[in-house]
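Labels run A, B and C following the written order; every chain starts at residue 1.
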Amino acid sequence: MDISIGPLLIQALNAIQYGLLLFLIASGLTLIFGVMGVINIAHGSFYMMGAYFAFTLTGLTGNFFIAVFIGAVLSVVVGLFLEWALFSHLYKRNHLEQVLLSYGLILIFEEIRSVTVGDSVHSVPIPSWLNFSIPLGEIMTYPFYRIFISLVCIVIAIALYILINKTRVGSMIRAGASNSGMAEILGVNIKIVNRLVFSLGVGLAAFAGMINAPASAVAPGMGMEVLIVSFVVVVIGGIGSVWGALFAAMVIAFADTFGSVFFPQVASMLTYIIMALVLLWRPDGLFKR
Amino acid sequence: MSEVLLKAIEVTKRFGGLTANQDVSLEVYRGKTHAILGPNGAGKSTLINMLSGDLSVTSGAVILGDTDVTNRTPNQRSLMGIGRSYQKTNIFPEFTVLENCRLAAQSRDPRASAIFTNAQKHKAYLAHAERAISETGLSGYENRIASELSHGEQRQLELAIVLSTQPTVLLLDEPLAGMGSEESAQMIALLKKLVKTHGILLVEHDMEAVFSIADIITVMVNGTVVMTDLPEAVRASAEVQQAYFGH
Amino acid sequence: MKPMTRNTYVYILWAVFFIALLLFPLLQLDFYSEMVSRIVILTLFAVSLDLLVGYTGLVSFGHAAWFGVGAYGFAILSTKYQVADSLWVTLPVSLIAAAVLSCIVGFFVLRTRGIYFIMVTLAFAQVFYFLVHDVPAIGGSTDGMNLYGRPTMNIAGWDVIDLENPLSMYYFILAGLFVSLIFLWAFLRSPLGRAIQGIKANEHRMLSVGFPVFKYKLIAFIVSSVLAAFAGYLFAVQSYGVNPELLSWHKSADALLMLILGGMGHLYGGIIGAFALVLLKELFMAYTDWWQMWLGTTIVLLVLFLPGGLVSVPHRLKTLLGRVS
């Protein structure tokens, strides 16, 4: 019994980690959709940006955590700038224009990445004090850093919960997500809320990229892979619902992780099959506001 | 003996914890205008939405003629004879007045497989559209773009669109909203003429208009029916006075 | 409803366009003939999406999937399984496959609207991408497939058209675009076509006056997918090859890009957009290594300042000049 639990436990831990990362990325997406009604397909690029920040800044400073801190600050600044310069003009525009402008951004980001850091695959070393394995059962071990990622994500999720549900800023965000017109009339400074939400979204995605960098490769194209799955998470969870995003992220993560083990042929389809089923039943997502 | 065209039987609508309509029943007769009065928030629009199919009922039934249409979609109900006009003008802004009505008329005979014909030259559609346009007083406006019309003219177009579908029952949600006195008078005259061949259910705030054309009045407050009676009785009712002005 | 003079103007431009393309091979610029063929195929692809986006109001981010179905349909039949290499078989089968598949996908995705629709069309297109990337049974591999020949057009022993001849292929593609445009023109002015445009103008009203809106959207979705598949078929035939990148989200984005470059809701927008996109890409790639940056910036500026596309330039110039004088 011990022997078969080990692998299952490993997969479960992997799924939890993947799910939490997806949640960080998708929660930003769903908030930006929900509050501003903007579709931003460059969101995956922020995840990639985070990973590349982790790589270059760790290289420069020699310390992963300092790198993450600086990277987080930089990401928020980038988010503020992008919102001010570009996205604030898109709120009144139609979805096609939003899609295309953000597509243009993807191309620009790709080029910047290519020029500054190059096209090869990089890795970020795990900080030495976190670089050990813990035993699972009698034979298997599991890298602690991956558990650390999950723990950090849980902390962020809790912080997000507190921000959204227990602070004044959070209530403004929630008001904006249900009805921004009304919120504005009630005195909420919607411009500030928009800027905040956007930067928060960028920050979360970038942070996910940073914290996950030591555990996986830093490579071109990583942004898009994660984006499409994040879209599925938002569709299933419902636009504007952060908890929908959490639920959906976990469902997708588990389906994908265990699917690869038990049904490898259809594993990559599983995510989309689930999405199709949800569409049949609840086209607006499971937890739509 | 008037024929009952449309009936609501104890129709209830709940949105989560909020009850918008509770056990509302009423009948729309051919040749009669049935008006619904009530303060804002009384649930009048919710009721019309349930009759037209724009909202589903939580419980109760909607019967059109002999058929239970409670679970039918808005387009199905339209094809069966219900014509609904909206409080918030719901036209095709970029199309001309003629095209707005022609398209509505097309719904009666969709001819979806007639790929090689020119829909805009089809005589039957144009005939119905022209008739609706002249009935609502928009003759001469056929080639005007709908978004360029005045508010009152758009309300006329709103009704013309409905008439182009040759309905049996008219569900009119504040047709006089935002109209000046002359336009209102024209609309009232039109309604008086239409009621001879249709059944009309009317939600309106313009009291004078309501009392001049209604044959039956239902008063709703807080989602329930307070009374349904002849206009004189409603006017004299103390209960209604209380409901309206006691707020 | 445009005034007469504008319509005549448009018809004349169409005539000029087709005559120019008809006469183009006479210039003996063989290399460019192939490029022009590609642009004509892209035009068909863009126009097929315009039916969905510009005329029905549905922004799909997965249109490349249908292009891929058409292309891979031919590849699978002719090369992978060598079932048939006749055009009379491979083309109808590819188009029917696209119709059936788009009916199924449409059934799911048309339940959504707005942002959801964009995301789910992207997601379903990814499914198709993975299929041709990973499933060997349908010729799936990272590198795609090389095709051994173009389809035959044989009736009773006589080769009606020999598509191996580059000139014939060029004219066939041009004819394909022409026939498709005629079909679309007829479709858009038919009752169904007008209803579809009504759905874009006010979907709620269309439902309320009695139209089966879901059914009509599904038809528009299927028609636009079949036309895209036709474009993909022509591409596979012309290029002697298919590869998974034909279905990538980049290609779906390209289709949307062509529409915003050219302008939507006018069939000629697709043509302008296709030419503009190809020219822009060629231009950037020829003069700089950083072509992605240039293209991306152009797109951003285009969206911010010229969302009506190149088609809107004359109108905007008029307004501008009107203000000046």
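What we mean here is this: contacts are C-beta pairs under 8 Å (C-beta built on N, C-alpha and C of every residue); 3 or more make two chains touch, one makes a residue touch a chain.
Remember, it's a predicted structure, so these values are computed and weren't measured experimentally.
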Chains adjacent to chain B and to chain C under the stated definition are none
Looking at Cα centroids only, farthest away from chain A lies chain B
CA centroids of chain B and chain C: separation to the nearest Å works out as 43
Between chain A and chain B, the Cα-mean centres are separated in Å by 48
In whole angstrom, the CA-centroid distance of chain A from chain C equals 33
In the complex, chain C touches chain B at residues 1, 186-187, 189-195, 198, 201-202, 204-213, 216, 219
Residue positions on chain A within touch of chain C in the complex are 33, 37, 39, 86, 89, 93, 95-97, 99-101, 103-108, 110-112, 114-115, 224, 228, 231-232, 234-235, 239, 268-269, 272, 275-276, 279-280, 283-285
Contacts from chain C onto chain A in the complex sit at residues 53, 59, 61, 108-109, 111-112, 114-116, 118-120, 122-124, 126-127, 130, 134, 249, 253, 256-257, 259-260, 264, 290, 292-293, 295-300, 302-304, 307
Residue set of chain B touching chain C in the complex reads 52, 54, 73-75, 78-79, 84, 86, 90-96, 99, 103-104, 106-108, 110-120, 122, 143, 161-162, 164-165
